[in-house]
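Letters are used for the chains, namely A, B, C and D, taken in the order the chains are written, and counting of residues starts over at 1 for each.
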């Protein structure tokens, strides 16, 4: 059972790191702000979600699991607000043709 | 070992911060450099706290408390410096 | 070890980036990243209380303050001193290198048996009725420092008010914030209730685990600043009596309780035995609210 | 720990409490609170001095009954008690003086400068009292920051561009100084595991970390004290502040870091004759260059500010003499007496200059003619203060400088004596420039002189500095209590 849980954690966290890496690559390589934001928000949220999911079985108690989920939720909320803000600034600076 | 690595990082940051404070001419960058310098000092203190780990604590709590107090005081200093700088800039417009 | 070296490399790169940045805005952005990595470094060192404070104050509140300053200065730059010549720069560089080497050598040559106070804290912690050793140091062993630090924050608020122009200095602090719409306004409405709960949680666990009043106060301040920046909740004028009392109440109560200890037990800041925990909690609640108000006012800055 | 040790503690906490309450009370309430606290503070300082003198040992208060190294101690020894009295007297004089400029009468709207001035005054009072009584190196850091944060806005209370620039420069210098000091404190903790001055005494070996810490702390405190070559911030800051503020800055704020420097080198840090010679060398350079710069000034306030740069130089002349058996006691008395007499004389002088500037409408040294008509009493206060700064008998400055001069010769370090004599001549030179210009007949006074109680304050402080020299030397036995050294 614990072996299964460990395997689940390893799989999810490694997959999450993969998404983070992809998101970072996108941030560095994509040409314009819009696509960069896409890469950053989409891939990183999935990555963070996978890491949180992977860590859930290892949480100490219900409180720990709740806090892990809260972290994910708060990050989602924060970037749901900052993503559009950044996009708006980018649009104002160089409007799409 | 960990303590020494971060202690050395603190030493480098103090040098960098001091250099920035003395060489950069834009006041805001000087304030940022002061914060780098402060971060370096706190890291040295943190390395000392880590070295003093014992009695079941991951680090000596006394320097830890000193760093906490220091961070708040440094923040207060930063706000005063920024307020002074903004007032000076606004004043330049008047003149 | 690899993690530590990568972290050290990242912090150094960001610090260098701050120093060589051409634009103030870029320098501040790099500085915020530096603050976040520094918080991770505190975690690696096992100083969790410091990690939380660094993230909340060193990166968060300082970041907001400095970003706003950079934006306002890009419109009206302050006067600059003349840059030092090349010889002077080289001399300064050499001096700073010597400083780094001296401090680095001093760190490496500290006594092998570190003469810290961890054992003393552990031996006396029970008497303070607090489970978090850092809280014991802050509220009991070195309570005077904490008291004075809260007084320093009041003084800093007085300083920023003193830096307002004569016209309308007693009005609302900071630059007027335009009403935001869209995502920021949404966040400013959604987050504060949640943030206040988180702050209360961090305050409460700070008795026995990393966390406590500074961290909680920084989060509370942020929860006030967010709707303020979104233009939803204008700040009350500095002239408001209630605002001034909020800033002063915590430190004043701390001093009053300290004097009470002096009368009852003969030593200033001695917590009367049996009442340690309730008294410490009352003082900490008052301090948290006062520190939160002071931090928020400091970030808003003087009226412009 | 005795009950008497509450006295210095209260002398620190009352101004701090007043400062915290000041914003809630408003400008008028803060002003009245300050005036009410003055007699209490004076009684506490006097009581502290009497208790130290009577008991013959330093008073020590352990906060919360926690003893060092874990807990913090605060107390008063001879130098601490003397500085408590000095700060209280100067603050009282400045507070009475400042009522004219920063007072708020009933029904008057609250002004920004008045709102800020009273808590800043209380913060300087509390900060200096803390700096001279705290026994923990980190508490002393907080005291230094209290002093800095209170002093910087005083420089730019008028909000003019020049004073704002001077205040920003001062702040950056001061922050640099305190952060270097803090780095030294960190290394001391790493080397010794305690920050208590009493426990550190004689315990620090001259290991590399301790030597680096000593250098950092000394440099930091030099920047805060404005000792040459780290004095560049002082003249524009001290000359830009309003008169009451300049008096506080020159008389008290720089003394806080000086007392900490004394405590470090007389007891805590391992003795280093070379460092002491270097420190006194900086002092000698400050006396000579500061005096020459003061001679060259065309503005009266800047002249007085450069005079402060020079007088700070005298303070550090005592350091190389403190390690010499036989003369250490007299050198110590001379150094502390210089700190006290300069505080009284310089506050009197800045207040006098403020009054002269106000009545003449300018502070150009060349155009002072007629000052003796419109401001005779301030001019007298200026002259009496100058006597102390020059070191003319029977002033307090004479006693201080004579003690330093004679001990320098007794210790075989005659060159410091030469510097003291030259410095006295330079001081005489710039004082003469001012007095001779001011005594020339100018345009006749238009109206009879109004009675101004501020004249009395400036004159009183200058007279106190003068009377200090008439106290019998035996009464300075107080200063020796708690001194560490031969």
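To be clear about the criterion, contacts are C-beta pairs under 8 Å (C-beta built on N, C-alpha and C of every residue); 3 or more make two chains touch, one makes a residue touch a chain.
As the structure is a prediction and not an experimental result, all values here were calculated from the model.
> Is the C-beta contact count larger for B-D or for C-D?
Between B-D and C-D, the larger count of C-beta pairs in contact belongs to C-D.
> Which whole number of Å gives the spacing of the CA centres of chain B and chain D?
So the centre of chain B lies 28 Å away from the centre of chain D.
> If you average the CA atoms of chain A and of chain B, how many Å lie between those two points?
Roughly 31 Å separates the two chain centres.
> How many Å are there between the centre of chain A and the centre of chain D, using C-alpha atoms for each centre?
Centres of chain A and chain D (C-alpha means) sit 57 Å apart.
> Can you tell me which residues of chain D touch two or more of the remaining chains?
As it turns out, chain D has residues touching two or more other chains at 70, 138, 142, 145, 149, 152-153, 156, 159, 165, 183, 187, 189-190, 193.
> Provide the list of chain B residues touching at least two other chains, using ranges where the numbers run on.
Those would be 14, 18, 27, 31, 44, 48, 51-52, 62-63, 66, 69, 73, 76-77, 80, 84-85, 87-88, 92.
> By the touch definition up top, name every chain pair that qualifies.
The list of touching pairs comes to A-C, B-C, B-D, C-D.
> Contact residues on chain A for chain C in the complex?
Interface residues on the chain A side: 74, 77-78, 80-85, 88.
> How about chain B: which of its residues touch chain C in the complex?
Per the stated touch rule, the residues are 1-20, 22-29, 31-33, 35-36, 39, 42-44, 46-69, 71-73, 75-80, 82-90, 92-93.
> Hey, which residues of chain C end up touching chain A in the complex?
Within the complex, chain C contacts chain A at residues 182-184, 186-187, 190-191, 194.
> Using the touch definition from the top, list the residues of chain C that touch chain D in their complex.
Residue positions touching the partner: 79, 102-103, 105-107, 109-111, 114-117, 120-121, 124, 140-145, 148-149, 151-152, 154-159, 161-166, 169-170, 239, 241, 244-245, 247-248, 251-252, 255, 258-259, 261-262, 265-271.
> Name, in rising order, each residue of chain D that touches chain C in their complex.
1, 3, 6, 9, 13, 16-17, 19-24, 26, 61-66, 69-72, 74, 110-113, 115-116, 119-120, 123, 130, 138-139, 142-143, 145-146, 149-150, 152-153, 156-157, 159, 165, 183, 187, 189-194, 207-209, 212-213, 215-216
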